[in-house]
Amino acid sequence: MKTVIIGGGIGGIYTAYYLVKYGYTPNDITVIAAEWPPYSKHRLAEVLSEKLSIDYTYIGIYNLLLDKGINVIHGVADKIDITEKKVLLKGGSEIIYDNLVITTGGKPFIPPIKGVNLDNNMTFYDIKDLKKLMKIRGPLRIAVIGAGLVGLTAASALKRIGASVTVYELMEDILPGVIDKPLSSRLKDYLVGKGLRIYTGTRVEEIIGDHRVKGVKASGRIDPADIVVFATGVRPNTGLIKDIGIETVRGVIKIDRTGMTSIKNIYAAGDCALSHDLITGKEVYRPLGFVAAHYARIIARNIIGTKKETRGIVPTIYENIGGAHIVRVGLSLKEAESLGLTPSIRCEETIDQISCTVVEDGAPIGYEAVGFNERIRNKAWQVYYDIHTLYS
Amino acid sequence: MAHRYILAVDYEKCTGCHLCELACSIKHYGVVNPYLSRITIITKPEIQASTPVYCLQCNDAMCARACPANAIYFDDKTGAWLIDYNKCIGCRECVYACPFGAISLTVKAEPIKCDLCGGDPECVKVCPHGAIFYGPEYEVVRKLKKGKAVGIVYEVLEKGIEVPAGNRVKEAEEAVKTLYRIWEERKKLNI
Amino acid sequence: MDKYILDIDIEKCNACMRCVFACSLARSGVIDERQAMIKIIVEKGIVIDIAVCRHCDPAPCVNVCEFDALRVEDGRVVLDQSRCTTCKACISVCPFGAIRESYGGELVKCDLCGGDPACVRVCPTGAIKYVPAHMVRTRRISSVAKTIYEYLEKIGGR
């Protein structure tokens, strides 16, 4: 039984890891990786702001896996032949599989506005971007578009290395996908107080420049800029599986609770696939590292034959942005509403912390907190535990 | 339940025999081990005092407030704050939060506290001096206060007997005045 | 076997930072607050918290780690750097802020120095002790008893 894994990111490398851990013959595992060694995107911002070596981003287990004897092909998968059960690689070679795991991850989404093709437009998504940004010297003016987790961590890292940073956000609040209104406005005040320029409710209409970026036109105003960083979200990278019959929902691979796609023996995990929400049981697109690893483990279990179905994911997010701690467990008010619930929110506020519990039918379904001092004390675990005992 | 049940120890009656400790540990673990007892007697020989340290089942319990896992809950039936071991993460926050040092840890670092034996405290039954009370709050308080008042009366009377003959009448008068004052105060308190 | 724990008496801590430096020195060979796994949090001149892992059982952090990076060894909750990708899910559920970000996003947390904690060795006031779990109450109780005796002596009773 040969297992072939396409993609050497978090999803791919941890599928291999769990397979080995559960006793699968390492020699029967092949990872096709366009990027190698595997690295963690979660560390890009820290490495940038601390001016550290790229080595810090690598995920340590790849050495262990190589020692155990897994096969790694440093290359790009070009086509999947599901009748012959083989993967064709760019360059002509091919490889037979019994089980196939697709972990091709995502790709950054760039909104279709004028001027995005100019030089010095970039994203903050992978090692290539990091290398580019690490070369920055001097007080450049950088516009970051998008105030999500990626945008804000990138912005505060860039500010630390001396750039003058402006953040543009289309929505009325920052971190719209993570926390709700009362928290995000406190956080915004804090970050603005720390010297980050943030424009919310502002639509970037055009990137100005000839050949290179010169400025950003947003809500009628033009701000000068030397570099534009797009942090406007992630889309699934699923070009590879187009037209082979795997069911997708708006480009995202649909998987069942064992991680299997609509085709038997083909699995998918990570930013290219949907995941299940534990509270509502619905399928959601959550391009997050621990989601990829969760499904990697489930898939490994099922490939070695101990049948295992996931009960779904309860998001657990922490981020430190410019000294503020952001915690989110379970659903936010906005996300719960978008999943068809009718939740309410209860908040407690002190000078250095604001925390909210999201409640549905009297039971907690989410917890969010933003803290501004060094002491982190929160009730996230209570809510996490309650959700798990209540919904599974 | 109309009235809250409480457990209380009369410090003056306790002789420091440590029987309650043993009873508690036997009841919960079947072994004699004072470390596993939820009530602990501390004896200070210099002033010949024994102080029982035990959970007061506070109204607004610090242990429950501090618990990050929300594992400590109030049991209406017995009047005890109980630990839900399914929720407990063994972080010891409650041990540090309790102002009375009433929560102990087992050798496995699991927190244990007085659970009032589900409403039938073993320590009360075993105490040879009747120093531990358990019952509705008003009743226990009355018993304790009565004990105290009686103690003061005894003290006054004793003093009266000890004084030299010539002054005895005067001292007795003082004693009676004190007694009256105590009676007045008791009436005011309506007990 | 008896479980040993770090028993912290916050009132004795005067924020001399010796434990912090010892921790970082023992673990990474340099003296640097960010490499230390113990953190003294001071607010307005008062030590309000000593953030260090409690080695919970069952530990919330171990529960949420999808990467197999946190595990229990000998009653100690340890973090395996090589498996950790810094997704920070564990930080979100730890009630004590005991997992901290070090350089390059690497996470650090106390592993009790394998059984001989450096912080305990250097603490001059005895604010951090490494003791069998069941001894903790003895300390708590004796301070309570002391208060009671002081009171009894003051009011002249016994």
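Order of writing sets the chain letters: A, B and C. Residues in each chain are counted from 1.
What we mean here is this: a residue touches a chain if its C-beta (ideal position, glycine included) is under 8 Å from a C-beta of that chain, and two chains touch if they have at least 3 such contacts.
On a predicted model such as this, the values are computed, not experimentally measured, just so you know.
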item: Furthest chain, CA centroid comparison against subunit B; value: A
item: Centre-most chain [mean C-alpha coordinates]; value: C
item: Chain pair with the greatest number of C-beta contact pairs; value: A-C
item: Cα-centroid distance, subunit A relative to subunit C, in whole angstrom; value: 32
item: Approximate Å spacing (C-alpha centroids) for the pair subunit A, subunit B; value: 56
item: Junction residues of subunit B, two or more chains touched; value: 68-69, 89
item: Junction residues of subunit A, two or more chains touched; value: 377, 379, 381, 385
item: Overlap residues in subunit C, where contacts from two or more other chains coincide; value: 60, 95-96
item: In the complex, subunit B residues that touch subunit A; value: 68-70, 86-87, 89
item: Subunit B contact footprint on subunit A (complex, rising order); value: 377, 379, 381-382, 385-386, 389
item: Of all residues in subunit C, those that touch subunit A in their complex; value: 39, 41, 43, 48-49, 51, 60, 64, 66-68, 81-89, 91-97, 101, 103-106
item: Subunit B - residues contacting subunit C, complex; value: 11-12, 35, 40, 42, 44, 47-49, 51, 53, 68-69, 89-93, 95-96, 98-101, 103-110
item: Of subunit A, residues touching subunit C in the complex; value: 10, 14, 17-18, 21, 40, 42-43, 45-47, 50, 52, 56-57, 59-61, 63-64, 288-290, 293-294, 297, 316-320, 325, 327-329, 373-381, 384-385
